[in-house]
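First comes the structure, then the notes that go with it.
Chains here go by letter, A, B and C, matching the order in which they are written, and residues are numbered from 1 within each.
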Amino acid sequence: MTAMLEALLFLPLGAGCIILLGTKAMCRVLLPLTALGHTALAAWTTYAVGTGAEPRAMNGLLAPDPLGALFLMLASLLFLAASIYAVYYLREEDRLEVHADIHGGPGFTNAPQRRLAACLCFFLSSMTLVTTTPHLGALWVGIEGTTLSSAPLIYFHRHQRSLEATWKYLIICSVGIALAMVGNILLSVAFYTPEGMTAMVEGMDQLGWFVSHARAGEETWLKAAYIFLLVGYGTKMGLAPLHNWLPDAHSQAPSLVSALLSGALLNCALLGILRGHQIMLAAGLGGFSGGLLSFFGLISLVTAAIFIVGQGHYKRMLAYSSVEHMGILALGIGVGGLAVSGAMLHAVCHSLTKCMLFLLSGNILARYHTFSSYDVRGMRWTMPITGALWMAGFLAVAGSPPFGIFISEFIIFKGMLAADSPLLAAAYLLALAVIFVGLSVAVLRMVQGNRPTDMPQTLREPLLSVLPPLVLGLAVLTLGLWIPDWLWNFLRKGAALVGG
Amino acid sequence: METALQSCLFLLMLNNLLMLGSTRIMWLIRFTAFQGILLAGMLLTMEHALLAAAVLLIKGALLPGLLWRTRNRLHSHHRMRPRMHVAVGVLAGMGGLVLSLWLEARLFTLPALFPPLLLPTALTTLFCGLILVVGRTTALAQVIGYLVAENGIFLLGMPLMTAGTTWFELALLLDVFVAVFVMGIAINHIGNTFESIDVGRFRSLRD
Amino acid sequence: MKQDMAVYAAQFVLALVLAPLLPGIINRVKAKFAGRHGKPILQTYYDLAKLMRKGEVVSHTTTWVFACGSAVSLAATLCAIALLPLGGATSPLAFTGDFILAAYLLGMGRFAIMLSAMDTGSAFEGMGASREATFAALAEPLFFLALLVLTSVTLDMGRGPHTAFSLSSLFGGQIAGAWAMGRGELLLLPCIFFILLLVENCRIPVDDPNTHLELTMIHEVMVLDHSGPNLAMVVYGAALKLWFFAALIAGLMTPALPLWQQAALRITTVLLLAVIVGIVESVMARLRMDRVPFLLGSASAMAALALILTQAR
């Protein structure tokens, strides 16, 4: 069991190193293989956690709990989908040495593909560390690792705008994560007694120690620590008003990278905040921390609604939709009770849907060579499968039945009413309605209409470019129609840790 | 030992103010190196010799060396005006100092944990780093601001260090080093692509 | 009492006699840096003697303001020096708040020179007067801020407000021992007063005393029309003002010692400061005129830092 957990962490790390030293063709093969191996190990770990066995490895450094295992499984599945898509994507990108700039600037080159694949593996390894460790310091190191490994990923297409996006991402997220470190330090200060320090630092299970001794912590310091954790990891998660880097980074990165960033990385950042929330709940300050989370969630929701309406760049539109859904997650967890289970389901459905949408946007870009949702027309004629999936994905992400997000948003709504906050629920519904309208205008305009005159024939769509989004879409549809018992129980277990 | 610590803290505070007031990158890099040396000195007074050596190496020599190399590789060296006037930055730094002193008086501090003047100095250093990140338009100055903020956070965590957490602090230092390394590479690309490292020119991505 | 008066009078006379030595020392240091041998150190005395013997050329456009301007300035500087304790003896003229009197006596002297400069009706001298007024206005808050720090430190040390607000106790050497107690911020005060010295006495990097270009002169341009005994009074007044500020710093830096040892130590410190001014003048270039507020601003920031830190302890 310990070997499995260690393999979970070191398999992507080793694969990344091998890819750096190997050839280009090797990386296109190694990437999906690594993803397959990682998914198998992650499924096994999640099963072990779900049945009650508590796997531990490396002297307690890796000890996933249900919450972490959920996010681990999501990250792994998304990585699998993205790596299968990558086989097609890297082959396509390999055709040209110098690519034409969409905005008419000078032609640009790509970074070496080995670097992309290796950084993807390091990225996966960092996310594994974040989701499986109960040590808050190691969690911090993991999130910093994700920032550093994803920066070269954003700069895959070497032109000015992606460089700008990479720089903003690096600086803003690094500063934010540094603030989260202050939160870690203040947590230690809150529990400081001259004798107690040694008892805490000897063990790796910091989270368990904090939770069990939470009542003994100083209230002021605990609150200050939580605020720093929220601001720090909230920057990484994309909570407004700290979300400025998100639309730039997620729109300029290659599509499969954006899919991973939106679907998996934001969840990991949320996990950092949730660990702090766990401690606050155990200390009896759950109202304070939950209130702050709901506040930021609501602001994110409203900000996203404002910017989605009239958004002409379809990838930025998807990025703002990520901000919106992170806001909904924060709102659900902040409200507490039934809404937390809804938030867990929402995390699952949103990750799957957003990954699908971003992968599809890559197909659209490859075909239409434009980012503008005004210039893309008639997708149902030029790319029927992608067009249909794009339409389905829009319905899913906007929260309409029969997709899973409708169920999760409805459960969160019920939770809000049960927690006696009708105003919050009203604002929530209003924002969702505005976002629905904004998204539908753009997507329907893209899918329908006459085919553009410069694209007369319908090209055959490569299988690998539509297979991952199709599978993800079917998964979300299934979750909307039927949630298996074992899944719901697992989600309940995770929710119980954060106040469900 | 006590007076040595107090003197180091005072010099660190003075260093922060001088950094806020200087516009040239070379001086900023020198002040950063000096901060690393001061931090190593403070660790020595707290009797963490190994960590002091590591801090001296990484924060006092390697990181400023990285910054210096990055700066020398850039082709354009003309001075860029900061986003806000330098005097505003210095005033903001003094405001941060007053605020952190007030916070220290307000918060219930454990006397055995934080020596006097350590908490305000750490918070002021963090605040000065943030001012540098926000107020300067040169990418290299923003990286230096990030480093200064990290120094402040390191200082804040210093009293909590025991023998058991040394490896973790080393991992932290390594993390910062890799972060600055990646940022240095990015700055080189920016210098080559945009012909200057003025991030105030980043205007093409907006809604 | 009698002995105190005698000691004080002796040291006052010593200050009056030794003051013209300072510009000579500065010039000699600068010459050595430039590789020359330089003027004799006693050159200022010879200049004063020569100027006193010469006749005066007075412009027709000037009035009585010009005639008595330099005399008023010299008198004001002499009174300011009388307030400052020299070599440990408390000045018999000391009272609570006398540092304000000293600051504004120097200001009155400066004002008199500016008025006599503008009285000549020349554009150059008016320009010099306006520049001098600007820098003086910027330097004054710095002076009082630094004195505020000193006063608060002296109050903290347990002396009552009666003594704390007097120049004699502020610069009487009691503060020097405080540094060893780890109050590092007090080290900033001599630096601040040194910058003040450079500003008020029109030294590099604020103003070049050797320049002959109209566009760059500040102090030198104001005394273009003075000649003979008037010029001698101006030169001697400038030397006394230099001694005043140097004595301020010497008073800060020397600890409390028996009487004559302290006097000797102080005079040595003053002469050493002249050497340091000479070194600074040789090493640095003059600042561009719009950068001088930055210099004063950074000195103010250091003073504010010292103030905040002393209050925090």
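Heads up, the rule we're going with is that a contact is a pair of C-beta atoms (placed from the backbone, for glycine too) under 8 Å apart; a residue touches a chain by one contact, two chains touch by 3 or more.
Just so we're clear, the structure is a prediction, and the values are computed from it rather than from any experiment.
The most distant chain from subunit B is C, comparing centres defined as mean Cα coordinates. Taking the mean of all protein C-alpha atoms as the reference point, the chain centroid lying nearest to it belongs to B. The centroid of the Cα atoms in subunit A and the matching centroid in subunit B are 31 Å apart. The distance from the centre of subunit A to the centre of subunit C, each centre being the mean of the chain's C-alpha atoms, comes to 67 Å.
Annotation: 38 Å between the Cα-based centres of subunit B and subunit C. Considering their complex, residues 107-108, 110, 112-113, 126, 130, 133, 139, 142-143, 146, 149-150, 153, 156-157, 160, 162, 164-165, 168, 171-172, 175, 178-179, 182-183, 186, 189-190, 193-194, 199, 202, 204-205, 207 of subunit B touch subunit A.
Across the complex, subunit C is touched by residues 2-3, 6-7, 10-11, 13-14, 17, 21, 86-87, 90, 94, 97-98, 101, 116-117, 120 of subunit B.
Residues 137, 141, 144-145, 147-148, 151-152, 155, 158-161, 163-168, 170-171, 174-175, 178, 181-182, 185, 188-189, 192, 194, 197-198, 201-202, 218, 220-221, 224, 247-248, 251-252, 307, 311, 316 of subunit A touch subunit B in their complex.
Taken together, the subunit C residues at the contact with subunit B in this complex read 181-182, 184-185, 188, 294, 297-298, 301-302, 304-305, 308-309, 312-313.
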